[in-house]
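Several structures are given next for inspection.
Each of the next two complexes has chain A plus one more chain, namely chain B in the first and chain C in the second.
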Partner chain A sequence: MSDTERNWHSHRDAKAARLANAASLLDGKFAKTKDAKAVLETLLSSGDKVVLEGDNQKQASFLSQTLASVDPAKIHDLHMIMSSVSRPEHLDIFEDGIASKLDFSFAGPQSTRISQMIADGTLKIGDIHTYLELYARLYIDLIPNVVLVAADKVDHEGNLYTGANTEETPVIVESAAFHDGIVIVQANEIVDKVPRVDIPGDWVDVVIPADEPYQLEPLFTRDPQNITELQILMGMMAIRGIYERHNVQSVNHGVGFNTAAIELLLPTYGDQLGLKGKIVPNWEVNPTPTLIPAIESGWIKSIHSFGGEVGMEQYIAARPDIFFVGPDGTMRSNRAFGQMAGQYALDMFVGSTLQIDQYGNSSTVTKGRLSGFGGAPNMGSNPTGRRHSTPAWQSLKPKDDPLGRGQKLVVQMVETFGSNKRPVFVDHLDAEEVQKEAKLANVPIMIYSEDTTHIVTEEGIAYLYKTDSMAERQAAIEAIAGVTPVGMRSTEKELADLRRRGIVALPEDLGVRRTDAKRSLLAAQNMEDLVTWSHGLYNPPAKFRSWS
Partner chain B sequence: MKQLWVFPGQGGQHGGMLAPVPAVLKEQVAALLDMSFPDTDAVYTDSVQLQVAIALLQVSETQELMAAGFTPELAAGHSLGVFAAAYSLGSLQLDDLFKIVHYRASLMQASYPSGYGMGVIVGLPRTSVAKLVAQVTTTDAPVYTSNQNAPDQVALSGELTAIDAVLQLAKANGAAKALRLRVPVPSHSPLMNGVAQKLTKAMAGVQLTPPQGIYLTNDGGRPTKDPEVIRRDLSDNLAHPVFFDDMLAVAADYYPQVVVSFQPGQPFRKVLANRFSDDVHQIGLASMSIDDATFLLNKWERGSQNE
Partner chain C sequence: MSDTERNWHSHRDAKAARLANAASLLDGKFAKTKDAKAVLETLLSSGDKVVLEGDNQKQASFLSQTLASVDPAKIHDLHMIMSSVSRPEHLDIFEDGIASKLDFSFAGPQSTRISQMIADGTLKIGDIHTYLELYARLYIDLIPNVVLVAADKVDHEGNLYTGANTEETPVIVESAAFHDGIVIVQANEIVDKVPRVDIPGDWVDVVIPADEPYQLEPLFTRDPQNITELQILMGMMAIRGIYERHNVQSVNHGVGFNTAAIELLLPTYGDQLGLKGKIVPNWEVNPTPTLIPAIESGWIKSIHSFGGEVGMEQYIAARPDIFFVGPDGTMRSNRAFGQMAGQYALDMFVGSTLQIDQYGNSSTVTKGRLSGFGGAPNMGSNPTGRRHSTPAWQSLKPKDDPLGRGQKLVVQMVETFGSNKRPVFVDHLDAEEVQKEAKLANVPIMIYSEDTTHIVTEEGIAYLYKTDSMAERQAAIEAIAGVTPVGMRSTEKELADLRRRGIVALPEDLGVRRTDAKRSLLAAQNMEDLVTWSHGLYNPPAKFRSWS
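Entry: the complex of A and B
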């Protein structure tokens, strides 16, 4: 075939043909709720690459339920691409043969089932990606044929308002809209005018009003009442031994009680140390309610977020100096940009995990639970091409190498034993076994040892970036691993030597008194306190309203 | 509201437990199997009396909840409880259930008259227990790891001296608890292959219809809607460990809003409390009448609609 005969727009032709087939079901871009199944059966084709919007928080639940109801004889063997596998029907489609292959990042809410289905061969895994790798692949070799996303409001032109939980919608829609994929949107509401345009209407092909609003859970709300004194102690150690010592200016907190403790210690303990205005003014973090006291007392200058958080809408709208807020007055989030910021703009990531091995690798994948990972692998890794001039980055630069580079601070905070009374420090991660069982290309490690610069436990801090060899790194980990089997290998003599050389610090080395770690040190001790701090603008979801 | 129904096996029985069972159902089953139900502690040392009585109690409770308008989206039976689980999903019919339970109990009664049984170890992971079992088991005195009821709770099945030897080793290796169970049969191990084969033959002729909800298999802890997978689980679960922990873990991925524990007893009260979050309502029929249970279920149903 000569060049002149070649069709250079076959994708466009195919898209036009599919949309033409669906013409009887469409009024312009709009389909009826009751026709949703017929629309999908017409616009999808077996074997398609399909992105179904399952974000960390927002779920295109109407479209996922509709997809699970299509006739497998008509639509089968789809290749699903999802950042978060969250709902039962996300996996039902594999049992029914509607889909057969899956590329994903996070599957925490379906981790047992997905692990069984991989073992049984019910679904085939492409890869378990970090978020940025998954988004990036949408533009390279996982370019979708169809994307199924969720919006709050849609106007008659098809312009989308996605509200506070924009999350993945822009990165998903763009990958299809500019490569002749079909963009199908479920809408909570059809309106004459959207509050603001989050996605322009000419990127959207089909809009279906949903039978009920998309699923959204308050995943990142932590009740201060459940913060323990041990977590407060660890928070104090981290503030002194890391935030202050490295002069950290920008940070991401993985969401847990450890980091919630730090957020609530800044306005109290941090203030006593005279650190206000000196550390962490700039944040990439979900808008968790435990940030409110630090914002209100002037610690935090800016926050960009991956997603929203149920109950925080009014508070965020009233603080546009701090949060990213549209001209309409509501928040805008964007997980792809947030992950990018985590990789390239932040001084530090602080998170937690279920297991850390003797070398310092960590994972939340345990036997029988293939959870994948959320933001941690991107946030908790050090892009080696980066060049930063901030004091924190520079403080990790080797002193004896003129060409040496600094490093992003990656901090793991764990108690030596988990809530299940199992040791967090182990010789080998369960993830190693899981790789063999699930026949994965890579061991599902969340954060690699080489990227981990600090580990904080109730025993002390290990400054892993200061170690010169793997043996020394192991000794530093053992020294703070408590009475776990890994920790039992540490000797008094080794500990003394590591402390002398500044590789390990105990609370007393940091000027932290264990007896000072009291709950009264928290700026807010319960949900009611957070509401008070917010001047009544924070509206906790029902399940956190135990006091009322 | 999405409900998970949990049916235990033997263990929580007591004389008088059949008192709430309607006479008409009792008479129907008595006529079907040509037996009577004295319902005393003494009679429950007999496997056939015990197993049929437990099935009778579970079927009766199931019928009453269904009459009140409730059905399960998920059903998990433990060992003997699998039959009521399959019944609650509409897959197994009543007559077939009682005939097969009666036959299963007779086979079990005859299988190991003495010297065999079960034990349980709390506080060691399955992999560690498997290593101890490998040190002890022999052809003459076999012992196997069997049921997994919780992440740190592993049962043993086999010859009694071998079980005792593993229990000793477990204690020496830091188990929090290691003790024999009062079960006179090495259930859920390959020692029951013979019984399982006979049951498989008997089950081959039983009609099973597609279940109305998800059945959780004892073997492997898998969710299924396939009648043939259910048939296999009803036929040969005695020869496989009950992976109850996996059954509950995968059930949790379906996000049930209510868990109902059927009688006898409430052996999984702690396990269920640990597995499901506080948002999940739990009902134990051992500590609540059917009337109270239906009152609560109706109340929660209204609450969920108002949300």
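Entry: the complex of A and C
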């Protein structure tokens, strides 16, 4: 066929043909719940690139279960693109041959099984991504044939209401809707009028009422009663030695008790220091309940969120000055814009990790567990494409370079030994072994040393951005690595020298008294306190309730 | 007022009050064209953060003209947030006191005047941004009170059709619509039914029919007849020495004749080299007409675009397998997603610049001209948050670092002397002076040396990523800097050594014969040829037509 005779609308023709084949199953855009399997068997084609929505919170669980039920003789060797590999059927489809290739971001709950399946050759990995780069590829070289997404409510025109859990739905749907891909939506509910339109109906091809609401995990909820005094000490050091010192205005907190401690120290310890109104008014973070006391006491001006958090709905609806809330009264989250904001508009990212090597590289990938990265590397990296400056950013500018500029603060907060009693500071990351086993192109490092500006442990803070050489960086890490094998290499003399030069700070250097690090310093001691702070608006999920 | 008595919906109250004040001017969401000034005077408030849509192509020109007509006694000291400062009234509003502070990205046509106004103190700069970081801040610390955007068609519910020029409208509107900001839209046309919904009507507060369609510039159109044989030589070198050598699959081309030459060489020179089907199937780029021959001859599989290009509408509509086209048949562009894809999903960025210093830093900011950056630094930087790899990316991985990984190819293509006969290679960038004059926090560098992996001139290619030290990097730059003062420092011996080690390649090292670099090698010689290649579907703007 010569090029002039080429069919330039082959995707459109294929889509029309598939939808025509499914006509008997569809009433307009709507299919019956019981026909879901038949719909997928008709609209999918072997070898398709298929996006299945699901991140670390919201899962298109009805569609993933349905996909796992299709006949592999009819549909096989799909190339799956999934932010999160979270549910058993996400991997079952590979064992059954329905899918064969996977591009993904995060595999928390399935990280052991995915490692084994790669080793066994059951699953071929395309690559591991951050959220943002996986979304990016949907527009470049992983343009999907079919996307499977989840909505709360859908009206008769197919307009989607995704509400507080809008998350990654828009960025996924757009990639298919405008390249003749097929957009299939599971709906919790079909309604006459959606509270608001999150995705226009004419971007949607097929709607299937789900048998039950999509899975939603309260992943960012941390019970204050589990915060330890070591974490409180670290939080106090961070507030004095980083938040205050660098005049941090905008921040993302990762998931964890270290940052939950900081959130609960702002209205108490932060107030004592006179920092209210001076630091962290602006946040890119999920609506974690431990933020409530800081919000209520006037610390926080704005919060944009990647996703929702179960139980926070009413509280958020009552605080539209703080959260991004639609005219209908519920939050609009957006994971793509949230990661963009987290990367480019923040002064600081504060995260945690499972291992840090002697050079300062860190990873959550450990022996036999290929957990992936989620969004941490997007926010926990120095965006060299950034051109605006803020006081915090500029405070890291090297003094002796006329062409120098500031840098993002990327902070790792870890106790020197993990909850498994193993040292967090190691000479070599397990990730180096995992690379070989899983035959990955590169060692799966979450945050590279060069991007890491501070490490906080219960021993002190290492100001890595001040180091001039790798040897000095290693010495600074050793100085705060406690009695781990890495830490044991630090000498008294080295520590004294690093302290003198401001490269390492111990609590006493920061004016933090270890004896002040008491649980009574937390603005909330437990979940019930958070409910009280919220004026009864926060409604914790049952598993976090110890009271009636 | 105690915190428990705090009003947590003050933004919503303010918005409701302003809209109530404008009630007599509104019929539902719709205002009359003649009332536009009164609408803005009622809905704006002095000191507001206001986003005015406009990038380097599409401008909300009716609303910007209207804004310039409001009474400064009523509305003054606005804080303007604008991707692009392109039109005279964009600066008039500062002279008139209507606005006083500006955060922006790009000021091409107004770059001289803006410099002067900063020096005079007429205008206070917040900061200079890339597109992506300016959008990011709309969700963090520049949340707007009012946004002024442009749509093609609007239906009676306020649903917006933005069509091929969707560009930055969605990312701007979302920031206001979900934080009780006011969304004001100028419409080319009010219709009963929009061809498709690009922005849902319930995100929109006020629609004003414009007196004429919004301004739209064919900024990315390059007439092949202006491509020189030097540019063709450079293009041949780039294809052999970079595209082929690194196995580049996905790419962004900046604006300019150098990259236009490459686009027109792919179907000729690229074919001769047997590269068709092997390189650059996937693009993030505006739909530049010089891509037509490569598309028609089967080189290109997909193109996602930041924005549209005047005259390309029919051609794009007829090529939905290549472009992102809606079910209605017209393109959907998206500048925020495009920059995200450009940053995270591409193997390579190829740009051009006005000055490169002896270290490899480059800038388009020159004496007295504060042009800003647009999106180049987003794409022309190495995203250290990227975790997936591709062959091109991996080909830059350092050999001796077990924890090393690949890198984005960031290529600068420049002739050693600019069109103004001044040397492009300079010891110090004019940007260093501009920093002082405009009192900027940092030197306004567009692409930093550390992110620049290759420089191509008419002399040869410097493979900067292979250099081990700044001295070696400088020598490599000198070797291809011709008879500029920087280039004159290169010696025969140094050049021979750099060539031997593969750090510099001359045309003969790449198998490129200077005598082959003829205009006859271009797939299209002029605009008429492009129209022919397009089977008459491309419709060049009048200023590019030399025929009837």
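Please note the rule applied: the second predicted complex is superposed on the first by the 544 of 548 C-alpha atoms of A that agree within 3 Å, B and C clash if a C-alpha of one lies under 4 Å from a C-alpha of the other, contacts with A are read in each partner's own complex, and residues count from 1 in each chain.
Here, a contact is a pair of C-beta atoms (placed from the backbone, for glycine too) under 8 Å apart; a residue touches a chain by one contact, two chains touch by 3 or more.
On a predicted model such as this, the values are computed, not experimentally measured, just so you know.
By the touch criterion stated above, A:Gly368 is placed in contact with chain B alone, chain C being left untouched.
If you count the residues of chain A touched by chain B and by chain C, you find the higher number for C.
Residue contacts after overlaying the shared chain place A:Pro88 against chain B, while chain C stays out of touching range.
Once the two complexes are laid over each other on the shared chain, residue contacts for A:Asp468 go to neither chain B nor chain C.
In the superposition on chain A, contact is made by A:Ser381 with chain C only, not with chain B. In the superposition on chain A, contact is made by A:Lys543 with chain B only, not with chain C. Of the two partner chains, chain B is the only one that A:Asn420 touches; chain C does not reach it.
Judged by the touch definition given at the top, the superposed model places A:Ser111 against chain B, while chain C stays out of reach.
Note for the complex: chain A touches chain B at residues 88, 91, 109-113, 116, 120, 368-369, 420, 542-543.
Those residues of chain C lying in contact with chain A across their complex are 3-4, 6-12, 103, 126-130, 132-133, 135-137, 139-141, 143, 159, 171, 174, 177-180, 196-198, 200-203, 249-250, 281-284, 296-298, 302, 304, 318-322, 324-328, 331-332, 334, 336-338, 340-341, 343-346, 359, 361, 373, 377-389, 394, 397, 402-406, 432, 441-445, 448, 450-451, 535. Residues of chain B touching chain A in their complex: 151, 220-223, 246, 249-250, 252-255, 279, 307.
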